[in-house]
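Okay, so chain A shows up in both of these, paired with chain B first and chain C after.
Right after this comes the complex of A and B.
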């Protein structure tokens, strides 16, 4: 498979000559170049290199960091481990989690770029479950961070510090949940918001609609229950020696004593005598 | 209870726990790939409702869900007769178990389980209960005959073998004094250990023999190292302190609604 770099490289071809091996070093140098002359004088008074020591962040790949290593381009499967679990993340310090987040983010960027590239070339992407594994790790990490923040806010302020939610009625008088947003203007001065939201219900005509709607939901439930009962009835017919404990565990709302006396539960077979 | 939930219950939708273990895939990936969308309205236009037709009923067979044959069986235009599966409380047949066959031409013979299909209450016994199939038959070549293992129902077509006397037996799940859950033969009271083959997944035979990916995987030492020290600060405050960022501004009053 030949990966076409031209699509990405075409955009930044002119800037490529400026990229140095170390990403951090590159950023520092350009920053020093753009600083006003007075500040540059103070820094150059000592030495250009000793003013801010550049950390070595491992092998810098530049834009190639968006792609997987070349060994994984032509294989059918890339075998990797599982995702990070919450218990494993809980024992890591905040700065470790902060670093891990960016490791995962870079991995996800890489995987999605590769997926796009494979799709563009009508090739099958090896081990697409890697995307899910990285996503799962990121969700778990975020959850652990929120746990820590919640504990702090509950201790200090008595509130969770989470984004609050609210239950409200819509125009049809049906309840719905929405996550509230942060506003600078207090609600009593923000008429526009309430007019556009149109919360609450004060119409008499809606009552008839609600009646029909509830009836529909109720009938749906009834139909579902009947379907379950029929299914259990058929199971009795097909398996006369069925394990009733397991059956009741799987269908807790079905009355087995009643169902097994149905005509449909009897079956067309004769027991062997003797 | 929603109607869709009921439907999923009836068809025993969702992949079996043992199959999940063998595939060793994340839950979201399994869910994402199992559902086949028959029709989806284009999104982002006012004239279309956000509707889609998803084929919910999945037909399980001896083919594993990650094979191409399984995808063919569950293509949007393919329909199957409804399959009734007897509910089982505790699954007790694993890959590598010695079992005796109770029906069919191989009745009374013993063999080892080579595959478990939990979604249909089936097991395949290695080299037994075969169906002969001729492969590669042409005008000049008569073809070669191979035997394909046919599935057996766990409830009344196979039974486990007691290792004490090599006779078929009924089993029970009991707890040892250490609190470990084990299978016990009801006839002799001997423990029937779960074979090591049950641990095998697509990625490794046993957990101990898993070969780490040098480039991608986190090592066990890094994973188990405890670096967390509890402090009275949020995550953001801690990271700002470590990075040397000082916030001097005070936020103005805001309202949540």
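Right after this comes the complex of A and C.
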């Protein structure tokens, strides 16, 4: 009985609310009416729960970092220095590198935005080499941080801390390298991974293929070796008094004693006698 | 929040912190009739909405109310004169909503085009004038000699 009564009350309240505003709505309306029109506009969209007129935050100044300074909008060339070198970065502290990284990151974002904007307006972007310089600095910085990370891990754990890799055979029996990743499921239960990776092969099926493939690789190596030999032979022909030690150091694979006796290694000229 | 490799997060472990994020982000020109508190961005496809929000709040100190993004397919286009077809890289297009009392107007970067061209022309004229004066000075003592003679 009590439940029914409360329901009826609720229905009546809902119907009445359509006719005249509720207490809360009435209060908000009067407050809004008392404020100047501009203020009302801003306060209406924020949130219904807060009755305090919110402060106008104004333009988002942080977003201006996506654009170059105004002086550089009209010039044809922006004079900048060179990129950061590794030696310079190595003597910086970790916190300095951290700060510099975000300076560079913001600079790169700014340059990319400006490049797009200039391209959209069919204008030439002033000093586009700035993008390359920032990129080079970022690559150098990352390498320096990685060096420190490696040194720390080697000292603490005896490993580099880099992402490990592994060699495996694919379906054709060819070796390939892949970077290993962490998994929640241990390997002996992770059938899905093995199915998608398709590792391993039937040796008998791929035997013929591997034979031809290895032959191809071997021939390529042979050709490269022959090319070197021919090059050394021509050097002997051109410079009969060549420094053999330096030559052997340059081409350690070539057998000089053998190449020297080749017909092509003999010069077709005569030395002046006396 | 980075394209580098990180250990996977297990429940109960300390929260993963990303140092030195390497994501890029660029602001794009606004669409027509885009509200003033909405800004359009182009980001790499790997970035999530949460990443975009954190990126702007932490690095640029911009208040962010909402982020909506989608992956846009890069355009297929024919290379001029070569004839083969290439595809531009896909990117993520994000509409970032700031609080309604926070506004940003996309600046007109290349409005002073005429001025820039004038500057270029003046520089060119100046160099031309200087070189002609130099040429005249060189040939002052030998009238009637052709211009190519003193090369």
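Here is the rule we use: the second predicted complex is superposed on the first by the 146 of 274 C-alpha atoms of A that agree within 3 Å, B and C clash if a C-alpha of one lies under 4 Å from a C-alpha of the other, contacts with A are read in each partner's own complex, and residues count from 1 in each chain.
Quick note on the criterion: contacts are C-beta pairs under 8 Å (C-beta built on N, C-alpha and C of every residue); 3 or more make two chains touch, one makes a residue touch a chain.
Since we're looking at a predicted model, the values are computed, not measured.
When the shared chain is aligned, chain B and chain C each come close enough to touch A:98. In the superposition on chain A, A:67 makes contact with chain C only, while chain B stays out of contact range. By the touch criterion defined above, A:143 reaches neither chain B nor chain C.
Contacts of A:123 after superposition on the shared chain: chain C is touched, whereas chain B is not. Contact with chain B, but none with chain C, is seen for A:153 once the two complexes are overlaid on the shared chain. Look at A:215: by the touch rule set out above, it reaches neither chain B nor chain C. In the superposed pair of complexes, A:113 makes contact with chain C only, with no contact to chain B. Comparing the two complexes, residues 98, 145, 163, 181-184 of chain A contact chain B in one case and chain C in the other. By the touch rule above, chain A contacts chain B in their complex via residues 69, 78-84, 88, 90-98, 128-129, 131-133, 135-136, 145, 148-149, 152-153, 155-156, 161, 163-164, 166, 180-187, 190, 193, 220-221, 223-224, 227-228, 231, 234-235, 238-239, 241-243, 245-247, 249-251, 253.
Here chain C touches chain A in the complex through residues 5, 7-8, 10, 19-22, 24-29, 39, 42, 56, 59-63, 98-105, 107, 109-110, 112-113, 115-116, 119-120, going by the rule given at the top. Residues of chain B that touch chain A in their complex: 1, 3, 6-7, 9-10, 24-29, 32, 84, 86-89, 155-156, 203, 210-213, 215-218, 223-229, 232-236, 238-239, 242, 252, 254-257.
Taken in their complex, chain A has these residues touching chain C: 42, 45-46, 54-60, 62-63, 65-68, 73-76, 98, 101-102, 105-106, 108-109, 112-114, 116-118, 120-121, 123, 138, 142, 145, 163, 179, 181-184.
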